[in-house]
Amino acid sequence: MSETTQSFTDLAPSAGAKFRQRTLPILIFAAILFAIPMVGPSRTFYTLAHQMGINIVFALSYNMVLGRGGLLSFGHAVYFGLGGYLAMHAMNWIEDGAGIWGSVPMFLLPLVGFAGGAVAGAVIGWPSCRKAGTTFAMISLGVAELIFAAAFMFDSFFGGEQGISGDRMNGIELFGLSLGPIDEVYWFIAFWTVIGVIGMWAFTRTPLGKLSEATRDNAQRVQFIGYNPQRVRYLVFIAAGGFAGLAGGMAAVNYEIFTPDALSLVPSGFVLIMAYVGGITFFVGPIFGAILLTYMQSMLSDFTEAWLLYLGVLFIAIVMFAPRGIAGIVFGFLDGVRGDNPGAYLGRWLMRLLGILLMLMGLIVLVEVSVRWSNGYGEVYEPFGLHLGHENVLSWVLVIVPAIAGVWITKRASKEEEAA
Amino acid sequence: DTIKFAFIDPLSGPFGPSGEAAYTSYQLAAEHINENGGVNGDMIEIMGYDNKVNPKESLVQFQKAIDDGARYIVQGNGSSVAAALIEAVNKHNKRNPGDEVLFFNYAAVTPAFTNELCSFWHFRFDAHADMKMAAITDWIAERDDIKSVYLIGQDYVFGQAVASAAEGQLSEKRPDIEIVGNELHPLGKVKDFTPYIQKIISSGADAVITGNWGADMQLLMKAAAESGSEVPYLTFYGGSKGAVASLGEDGIGLLHQVSEGITNLEASDEQYALIEEYKERFPDYDYYYHRVWNVMDMFKKAAEEAGTNDPIPVAKALEGLSIEHAYGTATMRAEDHQIQQPLYISVVSDDVKYGVDNIDLGWELVDAGTISMDAAEQPTTCEMERPE
Amino acid sequence: MLEVRDLHAYYGKSHVLRGVNMEIMPGEVIALLGRNGVGRSTTAKAIMGEVPPKGEILFKGQPIAGLESHKIARMGLGYVPESRDIFPAMTVRQNLVLGVKDMRHPGKYTIDEMLDMFPNLRARADNQAGVLSGGEKQMLTMCRTLMGDPELIIIDEPTEGLAPKIVQQIGDMIAEIAKTGVAILLVEQKLSIALRIAHRVYVMGHGEIVYGGTPAEFAERDDVRAEWLEV
Amino acid sequence: METIVFGLLNGVSYGLLLFMLSSGLTLIFSMMGVLNFAHAAFYMLGAYFAFTITGSSSFWIALFIAPVLVGLVGAVVERYGLRRVHPNGHVAELLFTFGLAYLIEEVVKIVYGKTAVDYRVPELLDFAAFEIYGASFPAYRIFVIFIAVAMLVGLWFLLKRTRAGLIIQAALTHPHMVGHLGHNVPFIFMMVFGIGCALAGLAGVMAGNIFVTDPAMAVQMGPIVFVVVVVGGIGSLEGAFLASLLIGLLQNFAVGINLKFAEIFGFLGMSDLSEVGRISVSSLAPVLPFLLLVLILIFRPQGLLGEKEL
Amino acid sequence: MTTPALSLKNLNKSFGPAKIINDVSLDIAPGERHAIIGPNGAGKSTLFNLISGLYTPTSGTVALHGRTISGMPPHEINKLGLSRSFQVSNIFTNMTVRENVRCGVLHSMGQGYAFWKNIGSNKAVQQKTWEVLEHCALTDKANVPAALLPYADQRALEIAITIAGGADVILLDEPTAGMSHSETDRAVDLIRRATEGKTLVIVEHDMGVIFDLADRISVLVYGEIIASAPPSEIRGDPAVREAYLGDEELPEVMA
């Protein structure tokens, strides 16, 4: 017996491995969050960081449904939005101080959002989780359209186009945070981001979390080990709705306003893109995706008006060439570097990077020249003091040569990889 | 030093063109001011921030703008965005004394912004919905041949407000006019407006009023033209980009709009030169946002009166300020920071000096289409809190 | 007819085929024997292009390694995979229709002849193929391949999971097919069948052909059997 | 009476327009299993191409050339994009088309500008076919009806009468096996996708001038085509046809009903001041298709005429 | 007489006009190892599907320890102590072997749909998982993703998941299909050990396995049971020989 006990613990990762793989990343994540305010960031940075935190929780909650549960949803923003709206109302109730709301700290609003999202998930999930696959996807699309339309009909809850707004500087202060200044809000967002990440990570380690993966892989078999796959999906859906609502609650405090846009197909599509670009097969994938896409959404438009085009290209490139997303690229790189021949791997990797950069350069020149030409304001693309008009031969040389060179180099890198 | 204006409006995506048309206007207006020595010797810089007409994204861009040193925010597309920005500006100014910013709203027309939601930090340079409706009803009231009116609009706060304003004002100005239909349809969801047009035709209405914008407006007008309807459609946003082109000849005599000025009004040579310069610089767009020049001119005048470019003195100087612009006098009402000015009702015509959308059709003033400032003026319920 | 020279194949990093050599004459029935997992199915897959082959494969003198699968099929090479792969949502008849490569040049057999050959199938001709039993599916797959008029058929484990009686039937069927002059490469475990119908046997071990000979010769070689085919 | 005649007439004409739009999607969805999110983008391309060609020649030439061009674009997209993504499963394919929709829209903006173009109904058909109750019914809509019915017949023939239909369906689940039977699977997929896109393009040629041809037209039409395909039943052309008509009629009749919820449910004590009571049936018309979608999927997941569930 | 572990009464199943299972009645005593043989398409898998709840019978009943289970959903039946394997491997391909088995163990260890427990911290679950792995000789592959397992090991895993839940009535559908001799022997050994003291119903074509394992054999032909008796009797039954076994030597001898 003692020998068996020995063996079964052998099967599981060692305590050291557990610490390295599980606890350490979270500690590092928390440490980074803790260190950020030390460098005295700007408002822009804070605002962006807050949005990233919210989107990290939102994208992770989406991945509970898509990556872990295998359910493609086009309406996940519904739970984000409904949770957020409830939190927004709660914010106003706290301001009024009526009933028990007078004694609720503003800091805990994301919990209200969680409840709202979970209840919405419970109600909407009831009919929709009976099905999986495309049926589920289409139901989610229809439900999202209906809820969005309803948002403009029921002003008392949704506040019409202008939405519901409130003031977060009310109620009891927790941890000495008034939540007024932006750097105080930072601690709020950081706290709840960490809570959300840990919560959802812990969820993957629970029996229900594992069963959700089992149901994704093989719903039929799940029935024969004693579980009802519909019920598994339903429970996971409620939990995912709850975490989406948590993100909604964070957003409520951060922006102090919620509008029906938050429920529409646009954020639902965006969260799908975030999760997928990040990598849905990895727990951390959506975190990467949320950070990158939030940045692109808010900052790329400063540099180019064609940012949506670049977003589309990025997305398609990921779907086509890196279906495991950014996380797949990162972990693939780490594996490669740790592999038998790191030098050669690194060489190929750098070569491929060079190829991609060259192609990107061709693309950027093409897009930027064309956009300006098409606008017809007589503006000209002038990177590094070059004057790249559409009638300038150099522009087209700069499009075609790098593009061809890039394609050639990447192809070579792939060939070498195959040979290796 | 430069005076930084943050232009927070859509610059990409489906609403990109609306933002772009205004953005280009601001840039040209700022260039002209800068060429003439700037404001109190400082140059104006217009910085564009793409908010994708999303309230939350607007707040992100707002923070960015403040980081970039902007003290003046301009925005116009979408009342939800304007509402979010008003709130955000109020809170920012309360939480960051000494760093105040002003919000110049050039196109978000929800009446509440200068009524119950009014704020010292917000100035509106466009007539609000009730004022535009007052202009429309004023014009209808003069037309004895109009005996029945049909109202159609989008089913949300703004559409509902337009409908109730129309009902209220018409019953006051012309109690004999019958409202033969009051239709609200979901926002941005209708693909084919033919059934609505059928309803309008069978109701026998003599005129239609709509606050529709965007695709809802264009598709409505297309369906109306297609069914051979000949009653006037009085719109708030008929002048928006592409609407005239998409209707073509069918729009003549059908599509009406209310605005603070059109290019085909009598004007000075300078104004004509400006219109032509704009068209040459930005061939995709037309000189439409006349009010942008009002914003910039009033700002310049106020800042120079105040002798500083700081927001609070400028705001105080703006209150009650009047300027003469190309198409009349504009006054910033001190009580609620709502501009007051004459309005014009115009209709699509093929006999015009300046066409729009790069075709020969353009806007022409209709008979008795000039609505005086007094006729358009509306009372306010604003109780404004002013800083010391 | 088919010549395989030094064929290698990999699944990811694992080197499954390590230089397979074999040849098949027209009209010949060859049995490919071997333990589980030695790479017999992989050999079939590599010839058919389902796993990327390294090495030389000549069919009727033409190299086919790396060709797209429909091109290989159109040269006259039929394949009945281990997984059978019937089209479950279609009727039996529709499955057979799909066996014809080109409707303008239908093959030797008509659908009716096929159904005559297999009364079991006739009874279910208009049922969805997905509900057939294992044996019925196996028959259907072979019939479907025959519809395309192949000159050589590679059949992978046709008797797997079938009842002894059906196993015999299938064996008879293969012998029947062989009589029509079609060459067959039969990947089999059940020696009883393989030895009954094959003209020659190859034995495979660890990704290589370790023995080749006629059934009679093979019957003598207890050593081969002991070493490469457990008894 | 008037309402009923109008409802029927407009319902059928709008329904057929919807059918035109969604038939290509049905084709692609049922044969390749790809939920093509870029379908509406191809529809938009059709309208823009028609606009260009009409400008340099005539509408009638555009009617033939534009769909072919869109089909070619579709085939290229399949060949160099979708084919690569296919092994990663349906979700990846769907996401690919999702990204493609973005991309096409942005490229259209660069090429044609961000605002509407002046794409008109051809002179030849720009007259009122007849007039009833004071409203005219344009001849062009009759032409649309005619084309839609022709599309139905042609597609039905392609799907039901040809072996290609079978091959495609088999290739969907067992591409290798179909290859081993001697069919050129990749080529067939390319053709199907191309034809599906060409059909979307044809719809764009026909509808772009009734509606507005601008870069937002794709986004507007996007969701509704899914409703048609799903409600009709996967793989069922007849279903898509029925669903299009049903949705067309449903919306048109609903617009004609001015009843408010308070009047319908008054017996439950609902007042027309309450938020629910204030809603009128006609104001719900445009969201009815989505309600239908959700109800159908819950209670009859295979759709009206579909045989298998999604 | 004790209540049978599994009792089928006048069971019928039709798909449309096709009658697949025809008035099957069968009692299986607790602890019995019962084999079902029959030609392809006889309806053996269908019978399993009826018992395990995947299909509902057209008429007739199935009772487990005297309790009617026909009409219940599969997971309810599983909870009552009946577990089955599949003819085609039906495992969780994206998980490791250990996780596969652990999923099978969870329910019987009272873990339910819990989302408040850490799956890794329950010692009993780990212990049981390990036992099952050990039983099925899968311990050295415990951390291999199931999709990468060789075929024979996938079959073994299929059995492992089936027995993991600790059900006392086990249905195995062709557990040794596609295995080599030595693997088959191993599998038989495994099945024998794993179902010690339990009721086993097994479908097999490999006569060696059947005659090795079974206490009693039922022969199913065209949806009807034509014989049900101990192996020795079945071997000599001419009807069975005619309908199913053919002339092959018994048990089948490889070469």
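A, B, C, D and E are the chain letters, set down in written order, and residue numbers restart from 1 in every chain.
Here is the rule we use: a contact is a pair of C-beta atoms (placed from the backbone, for glycine too) under 8 Å apart; a residue touches a chain by one contact, two chains touch by 3 or more.
Given the structure is predicted, the values throughout are model-derived calculations rather than measurements.
**Student:** Go through the assembly and pull out the chains touching chain D as well as chain E.
**Tutor:** A, C
**Student:** Of all chains present, which has the mean Cα position farthest from that of chain E?
**Tutor:** Farthest from chain E by mean C-alpha position: B.
**Student:** How big is the gap, in whole Å, between where the Cα atoms of chain C centre and where those of chain D centre?
**Tutor:** Measuring from centre to centre gives 45 Å for this pair.
**Student:** Let me have the rounded angstrom distance from the C-alpha centre of chain B over to the C-alpha centre of chain C, please.
**Tutor:** Centre separation, chain B to chain C: 76 Å.
**Student:** From the C-alpha centre of chain A to that of chain D, how far is it in Å?
**Tutor:** That pair's centroid distance is 31 Å.
**Student:** Send over the residues of chain E in touch with two or more other chains.
**Tutor:** Residues of chain E never touch two or more of the other chains.
**Student:** By the touch rule stated above, which residues of chain A touch at least two different other chains?
**Tutor:** 149, 153, 155, 306, 308
**Student:** Which chain D residues reach two or more other chains?
**Tutor:** Chain D, residues with two or more chain partners: 109, 113, 286-287.
**Student:** Going by the touch definition at the top, which pairs of chains touch each other?
**Tutor:** Those chain pairs satisfying the definition are A-B, A-D, A-E, B-D, C-D, C-E.
**Student:** Looking at the complex, which residues from chain A come into contact with chain D?
**Tutor:** These residues of chain A touch chain D: 66, 72, 127-128, 130-131, 133-135, 137-139, 141-143, 145-146, 149, 153-156, 265, 269, 272-273, 276, 306, 308-309, 311-313, 315-316, 319-320, 323, 367, 370-371, 374.
**Student:** Taking the complex as given, what residues does chain E use to touch chain C?
**Tutor:** 15, 18, 37-42, 45, 87, 150-152, 174, 177-183, 205, 207, 243-248, 252, 254-255
**Student:** Along chain A, where are the residues that touch chain B in the complex?
**Tutor:** Those residues of chain A that touch chain B are 42-44, 46-48, 51, 149, 152-153, 155, 160-163, 165, 167, 180-182, 251, 255-257, 259, 261-262, 266, 297-298, 301-302, 305-308, 375-378.
**Student:** Any idea which chain C residues touch chain E in the complex?
**Tutor:** For chain C paired with chain E, touching residues are 35-37, 120, 127, 131-136, 157, 160-168, 189-192, 195, 225, 229-231.
**Student:** Residues of chain D touching chain B in their complex?
**Tutor:** 2-3, 6-7, 10, 13-14, 17, 109, 113-118, 120, 128, 131, 133-138, 210-216, 219-221, 224, 251-252, 255-256, 280, 282-287
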